[in-house]
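In what comes next, chain A is part of two complexes: it sits with chain B in the first one and with chain C in the second one.
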Partner chain A sequence: MTAILNKVIYIFCIMGINLYFCSYLTSKVSARSELRRGFVASRIGGLGYPFVKLFRYLAKDYKLNIWEVFLFFFSLFIWTVVPFSQTLTLIKFDQDLLMAFLFYLLLIFLILTNSSRSNHGYIFQNMTKNVLMIYTFMLPVFFCVTSLVIINRTLNLKEITGFQYQYWNIVYQPLGFIVFFTSVLLQLKLFGLTKSNPVLFTENQEKEGAGLGRLIVRVARYSALFFLIVMISILYLGGWHSFYFINGNIIFILKFYIIFFILLLLDKATPGLDDYRYLVSINWRFLVPFSAANFLLTIIFFILRNIYNLI
Partner chain B sequence: MRPVIRDFFIGFGNIFRKPRTVVYPRERIIIPEGSRGIPRLKLDLDSLEIICNGCGECIVACPEKCIEISRGIDENGREYLEEFSIDFSRCIFCGNCAEFCSSGAIEMTYRHQLADSNPGSFRFEKLELIKQADYSIRDFWTK
Partner chain C sequence: MAKELYDGIYSSHKLVFIERIEKNLDFYLKDKLQKLKTLGQEVFCEVDKKDLSDVLREMKENPELEIVILNSVNRYISKDRNCVLINLSSVINNFSVLVRVYMDSPVTDKERLLKEYGYIVKEISAVYAPAKFFMTRPALKENYSDIVIKGGPLDGLDCFDAYIQTDYNLIENIYLDTRLSAIPAHDIFSNIYFTDLLTLISRFDFGAGIFPELCLCLGLEEIMQLKVPKRVQYIRMLMSELFRISSHLACIAKLCKILGSDIVFNKTMMERERVLRVIELITGSRIHPNFIRIGGVKKNLNEEKLKNIKENLPVIFKKINNLEALLVDNTIVTGRLKNIGVLNSKTALEYGVTGPNLRSSAVRYDLRKNRNLLLYKDISFTIPMGKYGDCLERVNLRFFEIYQSIRIINQILHELPEEHIKKLINLADLEIPFSEMVSSVECPHGVFKIYFEIKDNRMESLVVMGPSRNSLNCAERILQGNRVEDLKLILATLDISDGEIIQELML
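So, the complex of A and B:
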């Protein structure tokens, strides 16, 4: 029981620290890449500004909705399955990759359900479209992950990481990595963390001074983004394997922040996604065909190697 | 794809460059050369008298009609500039007055900040316009 409690506290701490640094980096990197200053209103380069924002959210009188309570617990609950490090998992499954992606789909569903509501009740007219829109980005991810599962022959995240002790999966699946990364980039844009996104989120959510509810929604969006970055790191970039004398956990943190940094810069380098047709054209003309081709190539390779013993 | 890669590296390089924005009033920038602030009346350096003879070309050139001039006659019967005022609540800093002045008596300075709670303070008289000589250099912030 104490061990589980320790792990819960660890997970809370890691989430809190990551939220602090990532919200700081999101503002600072996007500002500095545009030759602006970012957080400078407070001292020491604006290091205290995320706290100022936190207290600003907390200070506002706000009635929590039941969906927001669900969203808050679920944005933390997703980390019971996905490991931040080799030992930091609460629930152990043999098929935890499957469970992780199911949890992620549920988290997105909750985020969108929460964003579709209004003060006068619930408006579900755009929700189905929004949910389907973001779920279509999971189709290429599904193809890429299935290709990886075929190569690694396991659904366990720790075993997938263990498989990469010699070569990372990016060596076997470079096309899959590019597609997965692009999908994550588009999802980052859809979450509207760097720039408010009018495609998915209604004006009600982005209204100034929305209080604790807005804080929860932002935590949930960051949580979904962290999940995707951790997945890139574990599935393609060797996870928490140590590098010479450097500890594996430090390597994992470095990978996490490097991916986050590259995602932020790429987000700045690509145009804003204000048009639904633009999204559709990227997803259906590039991501889905390439991931399907990657999947077919992997299956052909698998059959030739394991059934006919040709390679 | 190429523009995305180019913009990615530009954005990455920008992180290490000095930001263009300043935190006013803690930091101040040197105003770019050729910027037009409020006009000033030039003095003849030998006699320390106003060069302007009140011919009124600037009134004709001013699109906002914010310049007012009155001429007086001295004891010797010569015309001289009695009053010269500009209403900066209407001035658009176009620089036409300095451009059209045949005797070169008006010059644009770099002073551009005129915020005040009193609307009457935007009307600058002859002496105040002469005093603007301090602002004719670009780094007047350091004064």
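So, the complex of A and C:
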């Protein structure tokens, strides 16, 4: 029991620290790209800003909605099946890859349900459209992950990481990696950490000082993005394998922050994608065909090698 | 000798042409025109209310006149009587006509005034269809009420309310209600000294404040028959082009803001800042320059200022080149701007659109080349022209115009004549009897035109005919069939200046 409690505390600490630094990094990068200095009352003083912001959220009375309660729990549930290292997992589960993506789908469903809320009730027409649109972005992800599963022959994330002790999966699946990464970038642009996208979020979401509810939504958005980054790291970039003499956990953290930084830079460097038509066309014209082609190639390779023994 | 001859021929050529138009009008409409004269480079006539329809029809259908474009319909008060001023033009023959109609209703009677104004505009719209935009159309508010955007939420446009009728996410009909920006202009501008007006008039164009000043001064110089020194003309051209660059950059920045391209937005604003600092060094202020004076300018250019411009100009050119590459080479940006808000040449001419919006629709019309404006005839430059008339074309054209402006400034810096300028007139000693004048300049949004009447050194009335009004009317047409998401983009590329929409309040 104490072991599980320790793990929960560990995971909470990791999440908390990550949230703190990532929100700091987000504000800093967005400020720099907009040619301003960001929140610097003094240079070091800026470090405390996310902490101050947290209190600003909590300073206002807010009646929690039932969806927000769900959202809060799911943004934490998602981390129960994702392994942070060889030992740090809460629930040991053979098909944890499947479970993790299922939790992710539920999480984004909840985020979107929450975002479709306005003062006059829910805008169901918008909600269904948004949910379907986000789920279409999961199609290429599904193809890419299935290709990986065929290569690694397992649905367990730890085993997938173990498989990469010699070569990372990016070597076997370069096209899949590009498509996966682009899909993540598009989802980041849709959820919008630095600026909320008008395609998904109603104005009500971004009202100033909306209290605890807004904090929960923000944490959930970060949580969804962290999940995708961790997935990139585990599925394609070797996870927590140590690099020469450097500890595997440190390498994992480094990978996480490097990917996060690159995603943020790309987010700021490209124009806002608040055009539904353009987003959908990127998905259906580029991501889905490429991922499907990648999937077919993998299957052909698998059949030729394992059934006919030709390769 | 040859140069003097050239100057003489060039200026007189235009006047001869206008005299010919005047003769033609006199010949065809002799009985119906109460007054006919030339004001500056325009023809001015006065028509009785009952003859208005016949006169307009003759003007439009006569092949020798071919006045097919209605630019504006304005109400103003002159000599305690309500008047309607109709601005018509012919791009093919390159001239414009102002028609004044006196109204019977007294100044204070609102109901009669509205009724009579409605009648006159109806008469005009029987001949020129776009005249309906100058009517008061409150009924449309209720009909088109699926989406209502009040002034303010649209980026930088707080001069109108938009009432939209939609079919899912397509705009079926849109009504842009500009009554928000109606002011009691007569109360503000009448009885003001014309020299004092110079400091106020730049408010009519926030983006490029020098053009209203220039327009007013050109009109006053025409009344006084002043010959302006060559150096002054060159300095005026220099300032106009600097303001043109600044205004176009502001337009592009506004567009980047809407596109969500933060980096390009900030870089564009930085470049605009660079241009504004040059302007500030010369004029002492950034937005409302208060620089042009009657017969001259406020300050001469000294070596220090010239050196500053010479140092900054290559930097501005290089940076704007980079900006263009950043914005227009981006497939996401071009994907959003292409084939959206297409304005073809026929529609643009019909609605009286001028400036970059017209030129992007493949019509080469620019007062700098087509009229005898300042000394642009001495300078080598081209008028860029677009082809497709969509949003992307309008953005591209603005970049090309900036390059041409830089080219003009470069030539001015090298050819600026050295002249010793003395102050010859004292404005306090001047006495101007009743006189009226029209003058126009090519501002960054199009042809900016003002009509004013002066009596005993005081303004009797002032009518501002800004080009943004036409762009706005045109927007109502071209927005139909586009998506609601593209509304902001199309309005941003049309570059609508708030100040130019200001109109006379209907009591």
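A few notes on this one:
Here is the rule we go by: the second predicted complex is superposed on the first by the 305 of 311 C-alpha atoms of A that agree within 3 Å, B and C clash if a C-alpha of one lies under 4 Å from a C-alpha of the other, contacts with A are read in each partner's own complex, and residues count from 1 in each chain.
The rule is simple: contacts are C-beta pairs under 8 Å (C-beta built on N, C-alpha and C of every residue); 3 or more make two chains touch, one makes a residue touch a chain.
The structure presented is a predicted model; accordingly, all values stated were derived computationally and were not measured.
Clashing of chain B with chain C is the outcome of superposition onto chain A. Of the two partner chains placed around the shared chain by superposition, chain B and chain C are both touched by A:34. In the superposition on chain A, contact of A:278 is made with chain C only, not with chain B. Judged by the touch definition given at the top, the superposed model places A:266 against chain B, while chain C stays out of reach.
In the superposition on chain A, A:153 contacts neither chain B nor chain C.
In the superposition on chain A, no contact is made by A:56 with either chain B or chain C. When both complexes are overlaid on chain A, the residue A:92 reaches neither chain B nor chain C.
By the touch criterion defined above, A:129 lies against neither chain B nor chain C after alignment on the C-alpha atoms of chain A. Across the options 73-81, 91-99, 109-117 or 127-135, chain B meets chain C in a clash only at 91-99, per the superposition defined above. Residue overlap on chain A between its contacts with chain B in one complex and with chain C in the other: 33-35, 268-270. Residues of chain A touching chain C in their complex: 30, 33-35, 195, 268-278. Residues 4-5, 7-8, 10-12, 14-15, 17, 19-21, 23 of chain B are the ones touching chain A in the complex. Here chain A touches chain B in the complex through residues 29, 31-37, 40, 265-266, 268-270, going by the rule given at the top. Those residues of chain C that touch chain A in the complex are listed here as 256, 259-264, 266-267, 270, 330, 332-333, 335-336, 483, 485.
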